[in-house]
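Each of the next two complexes has chain A plus one more chain, namely chain B in the first and chain C in the second.
Moving on to the complex of A and B:
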């Protein structure tokens, strides 16, 4: 249970941030409204981070740089397509279902495309997803002519983005459900086990007869699917979709994955820590806002945080500190 | 098996001109020199565009392309060096912006009389230091260079925007604008407009030659290829990985600082948000030039050809009637096609 240290650190951070935020803001930070608005902002970036995590777990330099581009493309393309077919004001339910289905299908196709070029053509994931990032963004620009597409806020779509169920934002519930589902898949299905083992030792995986091509395609397809769902949530929250939405999401998604203790070389990662890590980042971001610092400070903080957590992971600082703490308490414990 | 008559003549014919061998040799041409593909593609595009729109083949548009390729070219030489060493650098736009904006601010506020040589030198020095930090971090943290440089990219840009400034500098120091305007040769085009090839264009060939010299005539160049090819083996052979990585990233940073100050001088303004998003185009150029993203290969000539290819594509789309919105699609498709082509080539040669 070595790496679980990340879980405890993240939990502690959440408590500390809540406490600090509550004190600094005089309570408004902990108000129901602020908690709800923070929870609404987590899902889109959290879904993309899970996608990055899965690609990293596959090992062999796996990474998915095309996530936000794919999300924007699915929002833009599905938006244009659905707007041309249905009238949102007359049949909001049908419109929402068609739009959501379109997003999911386009995201999934984008993900499968990533998986195919990586596994069948043997293109390095960095290069392949860099290329598709540009391709997806480019197609979104061409389709929308560089303008934003107004999806509008028909009722069911508005509920996905801004609605509350028992006081909890709908999008956050969707995010948690998807997280739980993926967590179960990773832990209890052969696919999950094979994914981690492939990432830990690709050569051994090949000799064990794992269908590596299928594993990689599945992984990137799931990542694309998540991007498509993120596309729905982005559209639902913002009314408009545009090709250049969330330009800093790429860094933030990777930052969340690294903070969650996902090994960039592959073979290890847990959904629960990714979710917690996304929450920590959102708490921190809102806190910086509350203190009144500019977005530039936030970007600087993200960069520093990423580098710090890389250092923490490299030198295994968490476990060392924990070990020194326990050895202080009881000198007989051996590591 | 085919049995040949054993006369001298047929032997010669069969051994030299059998179609199989010939095909193999033609393929070998691509294998040793992947940049020939970029060259062919470049020629095809040039021919195609001049056919569709003859006004393209003017000296003025060639000068435009030469001018536009300087900054991308400097970036690309740096990225090529890092790629060859087995890393990747996407923080160079932030380095260029920080060096350029920092030095410009310093000159405007503190030292207005600073000679241009010193301005360029300090920008290069800032780039060099920031790049070396990248190298130290990549070596020390033992994580993919991509993730480290994503972090430093935000770090450097954050330092610039939080501590240095966020406003556009429209009034640049006169020595910098003079440097940007300083003309190497003036060419009068058919319609009477003079276009000038600026002196700063010379920086690109000089930097290209320096890079070529490092890679082909110094021990460091061999070490970079060795480390990029297989870091484990190179380490056992006694190469100092830390030194090689710090050098490669530092060199890339220095070139980025140089590119930044040239851009500021040429455009006569300093924009702290400049260069954001240029990294993909530059990496595309280097990859199109035949450098493998996993390291250990590539050439300076190929890199320059890749830069020309990307610059031409960015500049001619409008000339042939393709809307500029297609630019990303075309470059993205080029990246994927080039990557697929090089992978197929490697597989064939491995067989």
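Moving on to the complex of A and C:
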């Protein structure tokens, strides 16, 4: 039986981290408030990581470095635009809808732009999206004069960022729903299958008559769309949006994708593991803050994790270890 | 390879476990009303290392409190946001925050206060959601003091100019504005080409200062604002052989400025000591934790904060202004080396 090694590792890690955190913090780590607080922090980075994953799956060195820049641009541009058109205090519902729609549209356009320069002009994704990252950031700076834009907290928007439904943060529910939807799309639609096949073997895909240009544009467009949604959540959580927010997210998003076992060469990746991987990183990050370790340790931990998981993916270590352990009938199954 | 991996795994785990247990022993997760955590913009830079010495000193003076300082490793407001969010969830009783970007933290600090966490800020007089914002000094007083020192050196007469970090920097403009106003007392002082932008870049400032020295060979004084300005202008003055002849007073830190202060290229530098600011923030947080009030004229027991002025802040909170300005020259800078 073929196991999804990363899924196993991540599930184990989640249990271990919860247990460890609970013991070390004397229970506070497992308190409802902290669980909610951590769940609130996952969506923005998680959505960006899914975007990175999709780009990676498309193969040919696919990656989306422009995610957080696109999210910030969406928030900033849509914020300025919506503020000039609607009065948040007069009609908060309309304001929220307009703002959210604006974010989604701008994010989507940014994504399509990425897709077009990559597929039509044949620019390497890492360079193309690095360029658009600077472009998006630059546009956001110019639009906002480098200052933060106060979107405010009209009620429906506030609920998106900080509200709870049955004790679960709204933003986390949105994140999970989007994850499920994309998971279904990848698994059951022709687009999903073609995306993975194109990533696995671009040449074969072209000879099979796949519209690879359209697939790539669609993929980066979805990534951009996710960035736009991340922009909504950031704005809803923080009241203010600014062009330089989350400059450290870029690498973390890639780390999440790699930890999730997404193949950097393309052709394989699962949404469920990306979500779990984002959760693991959040648990670990919060745990480090709980313990009060220096934040330099965090960077170290991220680097070690990234290399470890790359190793796991490259050498199929988990399956080998598991296999050897079962054959030895060892009672303790280490991660 | 397999075995190697297993032992490695075990070793790493063991190390992590030991480390974590050790940590758990030290850090109390208790919410017994005495945890104050200082969150700085970035850890590991001299300014906030200096602040940490203050926080540590304060912790020593108050052994009954659980006091520490943390901060992100990279200059990213999102990182600082996460740290603060986790600290709130952890049940920290009081937060003393030096915001990377006050606006990004507004919503979170509001939620923190709603949950009963004490919030004190520093270097953020525009922060709406804070209980007390601690500022080392009044910006007008500081600008006036810098200029008074400059005028003193210039003998109250001659051409002088000003540098700001950028024209968008509110505090810098307040400083030079107050300086200009002060210089009006001396009819002999003539301001030329004011508000040069330095962008806090010592090299760029050096070039600009050289241009000014060429354009105005008879210039007598410079008043600068951003931390690196004194270094750039000081270098230009020294290279022109004008050390001690042209006066230079501006914001700067003792350690980097030491050589120019010794040579006389820099007349005097002004700054506030982050060590004292860190202690003052913690003291304010402690008073609030004990249910005390922050009142005008009170003594925080920290040098430079013996007689603070308290006024309404940007939001519902208070703005606490100390007299923590430090102005040192060749003779006195050695007392403040950091």
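Throughout what follows, the second predicted complex is superposed on the first by the 326 of 335 C-alpha atoms of A that agree within 3 Å, B and C clash if a C-alpha of one lies under 4 Å from a C-alpha of the other, contacts with A are read in each partner's own complex, and residues count from 1 in each chain.
Keep in mind that, in the parts below, a residue touches a chain if its C-beta (ideal position, glycine included) is under 8 Å from a C-beta of that chain, and two chains touch if they have at least 3 such contacts.
Not measured: the values here are computed from a predicted model.
*Asks:* Considering only the touch criterion stated at the top, classify A:61 as touching first (chain B), second (chain C), both, or neither.
*Replies:* first
*Asks:* A:264 contacts which: chain B (first), chain C (second), both, neither?
*Replies:* Only chain B is touched by A:264; chain C is not.
*Asks:* Touch test for A:123: chain B only (first), chain C only (second), both, or neither?
*Replies:* Once the two structures are laid over each other on A, A:123 reaches chain B alone.
*Asks:* Answer with first, second, both or neither: which of chain B and chain C does A:245 touch in the superposed model?
*Replies:* Only chain C; A:245 stays clear of chain B.
*Asks:* So, does A:138 touch the first partner chain B, the second partner chain C, both, or neither?
*Replies:* first
*Asks:* Kindly classify A:166 by the partners it touches after superposition: chain B alone (first), chain C alone (second), both, or neither?
*Replies:* Neither partner.
*Asks:* Is A:25 touching the first partner chain B, the second partner chain C, both, or neither of them?
*Replies:* The second partner, chain C, only.
*Asks:* Just checking: does A:299 make contact with chain B only, chain C only, both, or neither of them? Give me first, second, both or neither.
*Replies:* Both partners.
*Asks:* Just chain B (first), just chain C (second), both, or neither: which does A:146 touch?
*Replies:* Both chain B and chain C are touched by A:146.
*Asks:* Of the residues on chain A, which ones does chain B touch that chain C also touches?
*Replies:* 146, 247-248, 294, 296, 299
*Asks:* Contact residues on chain B for chain A in the complex?
*Replies:* Residue positions touching the partner: 88, 137, 140-144, 146-148, 150-159, 161-162, 166, 277, 280, 283-284, 287, 293-294, 323, 325-333, 335-336, 339-340, 343-344, 347.
*Asks:* Which chain C residues qualify as touching chain A in the complex?
*Replies:* Touch residues, chain C against chain A: 2, 5-6, 9-10, 20-21, 23-24, 27, 29, 43-44, 68, 70-79, 81-83, 85-91, 101, 103-108, 111, 168.
*Asks:* Which of the residues in chain A end up touching chain B in this complex?
*Replies:* On the chain A side, the touching residues are 61, 63, 117, 121-124, 126-128, 130-139, 141-142, 145-146, 247-248, 250-251, 254-255, 258, 264-265, 294, 296-297, 299-304, 306-307, 310-311, 313-314.
*Asks:* In the complex, go through chain A and note every residue touching chain C.
*Replies:* 20, 23-26, 28, 31, 33-34, 37-38, 40-41, 146, 148, 150, 153, 161-162, 237-240, 242, 244-249, 285-286, 289-296, 298-299, 317, 320-321, 324, 334-335
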